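My structure is below; once you've seen it, I'll send some questions.
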Amino acid sequence: MVEGKYSETIQAEGHLIDSQHLNHIFDKVIERGAVYEVLRFDIGKTNDDVSFIQLKLTANSPEILRELLKELVPFGAQLVDQRDARFEAAVKDRCVPHDFYSTTNHRTQIRKGGRWIEVEHQRMDAVVVDEGERVVCRKLRDVARGDQVMCGVEGVRVVPEYRERDRHGFAFMSNDISSERRVEVSVAKVAKMMHEVRAAGGKIAFVAGPVVIHTGGIDYFCDLVRKGWVDVLLTGNALPVHDIEYALYGTSLGVDLQTGSPVEEGHKNHMRAINVISHAGSIAEAVKQGVLKQGIMHDCVKHDVSFVLAGSIRDDGPLPDTLMDLIEAQEAYARALEGCKMVVMLSTMLHSIGVGNMLPSWVRVVCVDINPAVVTKLADRGSAQTLGVVTDVGLFLHQLASKLEPCARK
Amino acid sequence: MVEGKYSETIQAEGHLIDSQHLNHIFDKVIERGAVYEVLRFDIGKTNDDVSFIQLKLTANSPEILRELLKELVPFGAQLVDQRDARFEAAVKDRCVPHDFYSTTNHRTQIRKGGRWIEVEHQRMDAVVVDEGERVVCRKLRDVARGDQVMCGVEGVRVVPEYRERDRHGFAFMSNDISSERRVEVSVAKVAKMMHEVRAAGGKIAFVAGPVVIHTGGIDYFCDLVRKGWVDVLLTGNALPVHDIEYALYGTSLGVDLQTGSPVEEGHKNHMRAINVISHAGSIAEAVKQGVLKQGIMHDCVKHDVSFVLAGSIRDDGPLPDTLMDLIEAQEAYARALEGCKMVVMLSTMLHSIGVGNMLPSWVRVVCVDINPAVVTKLADRGSAQTLGVVTDVGLFLHQLASKLEPCARK
Amino acid sequence: MVEGKYSETIQAEGHLIDSQHLNHIFDKVIERGAVYEVLRFDIGKTNDDVSFIQLKLTANSPEILRELLKELVPFGAQLVDQRDARFEAAVKDRCVPHDFYSTTNHRTQIRKGGRWIEVEHQRMDAVVVDEGERVVCRKLRDVARGDQVMCGVEGVRVVPEYRERDRHGFAFMSNDISSERRVEVSVAKVAKMMHEVRAAGGKIAFVAGPVVIHTGGIDYFCDLVRKGWVDVLLTGNALPVHDIEYALYGTSLGVDLQTGSPVEEGHKNHMRAINVISHAGSIAEAVKQGVLKQGIMHDCVKHDVSFVLAGSIRDDGPLPDTLMDLIEAQEAYARALEGCKMVVMLSTMLHSIGVGNMLPSWVRVVCVDINPAVVTKLADRGSAQTLGVVTDVGLFLHQLASKLEPCARK
Amino acid sequence: MVEGKYSETIQAEGHLIDSQHLNHIFDKVIERGAVYEVLRFDIGKTNDDVSFIQLKLTANSPEILRELLKELVPFGAQLVDQRDARFEAAVKDRCVPHDFYSTTNHRTQIRKGGRWIEVEHQRMDAVVVDEGERVVCRKLRDVARGDQVMCGVEGVRVVPEYRERDRHGFAFMSNDISSERRVEVSVAKVAKMMHEVRAAGGKIAFVAGPVVIHTGGIDYFCDLVRKGWVDVLLTGNALPVHDIEYALYGTSLGVDLQTGSPVEEGHKNHMRAINVISHAGSIAEAVKQGVLKQGIMHDCVKHDVSFVLAGSIRDDGPLPDTLMDLIEAQEAYARALEGCKMVVMLSTMLHSIGVGNMLPSWVRVVCVDINPAVVTKLADRGSAQTLGVVTDVGLFLHQLASKLEPCARK
């Protein structure tokens, strides 16, 4: 059917079958209307052995072939005929050549002067800039005129994380999301993951939304903070507002405690809470002045957990700590995530996607939400190590806190 | 706009405002294109006082007026001009006069010979049959030729349950369903309700689906059984099959325990489980023979909890205990529900709706499901006392079992 | 880790990579704690070539090895060392030997006297019975004492449907379910599938729930019936009741048409509708007598579309046509499905799962529901050809009806 | 039970029963543990007459009574004993007295010098500032030291919108959200609402998310733009990126058109699209330069539809037009909404809540989403005129565009 005359030969190595990379490679070729011929395939003899494949790809236009090659890079494919990467100068700020290489979140190497160099600050949807000694990921908006930007697909290779079958005693579940699961099993996995990350010297970040408050998670989250399991809290304006509102008014007025219902539009305590913090100057000041005496934000301040509050278009107030300049907020998030080897996302799609975009694929991610569609969406975007848990967030935190002993913070 | 010449005067008494019955009455009048005039309205001076209203309704055809009157009966409205109820004979089996009165699930009284008599076996979507001494609800399919079937709206009055504002220390939540709630508060309410029902001599039924098994609820449900809180278990074929499969194969093969995943199509253990019970003859026999040694069904047998398994079109096997004749199954359900003053519905829309149809409105109902749409649907159909809880069923049972001490069974 | 001494060698052939069967085989081996060694692997050189694999499996108990082999059969694996299938007699009705072979919905062959014979009446969760000339699938409950039932995994091979990458110009989407899709693309695929099935002489069945009525699908479904695209309608009691209620009362009383809201508990027209059909004797009789003049059920009667109404525990009434004996209902469904090569499932999980259980995997299935969890659940159980569409059912039918011209019924 | 000694008398007038305001007032009193006594109640004799109530409230602390009075203001309650509003000076920027009055989105009047004055720029969660001639809503963050801020509940009255029963031929549905509805009925209502708004000289704003693109809504939305029905488009970064990506690459590469699937992580065309617009300088420049030739953003530029793109923490790029400073973005949204009398929200909870916070309650709002939980959440926050539609957004736009003729833009 295809009268292709344009060909390239690629190769890939790794756990090609269990990671489904081989399958994705074949799928992409067919989607593009190209054809492949397997030149060589060495299958791993056992579960621990890697496989190797060499494929000749043929398309009937050089553009299609080029697009196809770009699409195969994330699955570990590289040209057999190795060349150095090609860099071109950005002609103005924030603008790159049309043929720029857009990164994945996987470990990436660039060939320069015949040598393979690892790209630094790996994240997805960035460009790769040659800084002489180093090659680094840079966001499009941070590109300056004259930056040397990598173009094309020559001289790049990606080492995708393998969605492997429990090769290191760790079961991945991202294809296996359902509310009809035993949560206790997932909690045990998460607790184990947290221990492993800490043992390896990694930090643990939590990305959390106000549902943590509404579902009764305050005490359990505070317990995690006090036991030393939370290094970073990334959230928006709503969680701290509701947490502080609850700390200031929850027990005296008592409505929420008795009915279990957040009265969102009701008596405007959230505006009063913001006003109290504005008077104090900041959350930390309110704690220092003895105005704020309990709750998640209080405990974060007391236990030196760094937190970043990123604003959104829906925020009223906001708290004086909330960053309404998103460039600043994204950078503060990224800095806070440095050194984090695990991120637990609790019922906030917005901030979770924001964080997911910043992470290299080797950071472990856990997504918890009562809505299976949210968990699926986050797991789809994330790295191969994503563990999705569909359940009530308050009860999840209850279980998790009861499974974890106090530990030394990093 | 309406040139109505056909009028009737109705009245209603009760907590008309907080139950929203007055509102519903007005809505129905407007929907029908009729008009109302308030002849008299006495509002309750305090929260404990009842209100009284008298309304003149005018429509521009006698049919519309008649339909409208029928629609107002469930909200407690009755004709001011009191007449005896009218009965007509069924001309053949399963067939009633076109003008038959179709019941609600609320307490209903019929005027016969100038006296108001309470209808027995109250349930919804039934007809009312005059049996001389008694008037009773009868399902359409059970109507026999010659039965005296109540027609029209004369001589009937309904005493709806009030969705009242915590007049007896009991908070109703059916309009207030969300996954963003603190489950612990709901669990405490359910536990309190169970204590109250028991204290009043009522039985407690559970309607449960296989999600109880998949979410890890077996141990907690068994705990409730052993502590004496389960009088009746109404379910289908899937819960017992998965429970027995788990009891027989769960620990030895171990896959499920380690991964938390039900392997539905996998190794066909559910067919093996059915086969084992078929060999024994029944679930009770399997327990007696020592073949079935643990799990929900085992504990029900050991603790004399009566259970009814109603088949469905999706059932394979089924177990020898599963009733595939639905007439028989509905009657067995109805018999098992006699004396039950509370029903807890756990993640099975099908059986829950089936049970809901059979219950008078004064039986308390709790619906638990992780999908808010299911809880809303069940709460909408149910009685005013329905409490909806959106959460993980396994974790809910965990919490509930830990809140309840052993008690004496009825 | 595994000190395995028990080994068998298996082989499989087909589109092993794109169908993910190879991956599933490896997964199962690891899950069981066994090990594999690839003895031979020939990869298909191009997308049209099949692959072939030979694997040595080793486990540390004969039971684990046996269980593992059973689990690999559905992916096309068979023992290299070919033996005849083994049959044992059932010792009593409905009971089979513990080691029985439980079927998949894929094409299956049994080795008898050295010859491979195709199993008849293929369906899942059945046993295979030797009838001399033929080997057939039989439901557990239909097994009679003395029936020769296949046991073990020797002498069986399964030919799974391939979830292939558009090898025949047909894109499968079952792993790709989301509400964020362009429905028009899916509708075009479904219409194309319907044309292909008809061109090949196949019948088309629809499994539909009452949501078809509530979302305004009556006219469009009737259009499909009149254009000749519906051979069989499988449903429960609710769809015909609501359809008939609408046909009888929808336009005169008019509430629903104006508000778009089904008034489920409201004026009890559904009980009146059932009563009208009971008077007539059946739906067909009501059409004949001129009582029922429009709607889906009317059009089915007029255009000789066979329909089967299977009861459920939630059904009131029911209509005289509704089968309340589920054994009878399942058999009527199965008979109606004979010759159907395509099934369109519209918003009814219960009946759809029931139908899915009866179908061999080569029947094409389309699932339409506004709830992604339902589509995922159905697609997971179904055959490889399942196409899932997450959308509004009424609008889907609108689009589908407008895409299809009248055609000759089979 | 309550030993209350603190009392106030309030009154309210309006459609108190059908709007449920009376019910809400009673509920709040009971929730607070206070008691009420009805001093006077005049019920509207017909559906068009208003009702009037006077209530004596008694609580056992002055704080509870004060809180309760604040909570009753949104339902139209005011003190019988009329006093002027009390203003206090803000002691520093962004900080108000603790007893400040927090606004609702309803029409509000303030008593000053014995005269009732209408508050300007009505929106919720604001404070009321006395500017001498005028009293205005001001956001907390915009309060400057010395501003005269209204405190307490004296001298304020709110005129809530009535959730009335079709008094002006308009059926409200916000309590009546379900996917089991006939969408065509809802579309007809929306179209009618759009005609009415235009006839009254109002503008129409659309708040839209990228699901509009993914579900195939581009052509239909463009149709609405070209027909003159869209005055303002409020969105984020994702909709324009995907729209432009589709305009630039959708047809040539063609993958999406054939499969109906957005390949979000795939070939990075969204980064290419951003780069193209960055080269041009802005979306409008790209249209002018002939680089961008079709799609929603193109049509908005060509037809002078004003659009505002508000950034979020998840945005990559972003487009040069996207506002990453949220203070600026919120102000741009608010300016764009001036003169809008109707807002249609299409599948974006984030931006929809942001817009909802800015609107006075008399702006009509329509929310469309396939997820019922989103529609419920938006409807709950919104004004009484909110119409919720649970359906596929692409198909909704298809239906809506086909129902509307070209019209003159305001």
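Should a chain be cited, it is by its letter among A, B, C and D, assigned in written order, with residues numbered from 1 in that chain.
Here is the rule we use: contacts are C-beta pairs under 8 Å (C-beta built on N, C-alpha and C of every residue); 3 or more make two chains touch, one makes a residue touch a chain.
Model, not experiment: these values are computed from the prediction.
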| item | value |
| --- | --- |
| Distance-maximising chain from subunit C - centres being C-alpha averages | D |
| Pair sharing more residue contacts (C-beta pairs) when A-C is set against A-D | A-D |
| Length of the line joining the C-alpha centres of subunit A and subunit D, rounded to whole Å | 32 |
| CA centroid of subunit A to CA centroid of subunit B, Å | 45 |
| Mean-CA-position distance for subunit C and subunit A (Å) | 38 |
| Contacts with two or more other chains, residues of subunit A listed in rising order | 179, 259, 371, 373 |
| Of subunit D, residues touching subunit C in the complex | 171, 173, 176, 179-186, 211, 214-216, 257-262, 370-371, 390-392, 394-396, 399 |
| Residues of subunit A touching subunit C in the complex | 17-18, 20, 22-23, 26-27, 29-30, 35-38, 41, 43-47, 53, 165-166, 179, 372-373 |
| Complex interface listing, subunit B residues touching subunit C | 31-32, 67, 70-71, 74, 92, 94-96, 98, 100, 102, 104, 124-125, 139-141, 236, 253, 255, 259, 264-268, 270-272, 274-276, 278-279, 310-318, 320, 324-327, 329-330, 333, 350-351, 353-354, 357, 371, 373, 380-381 |
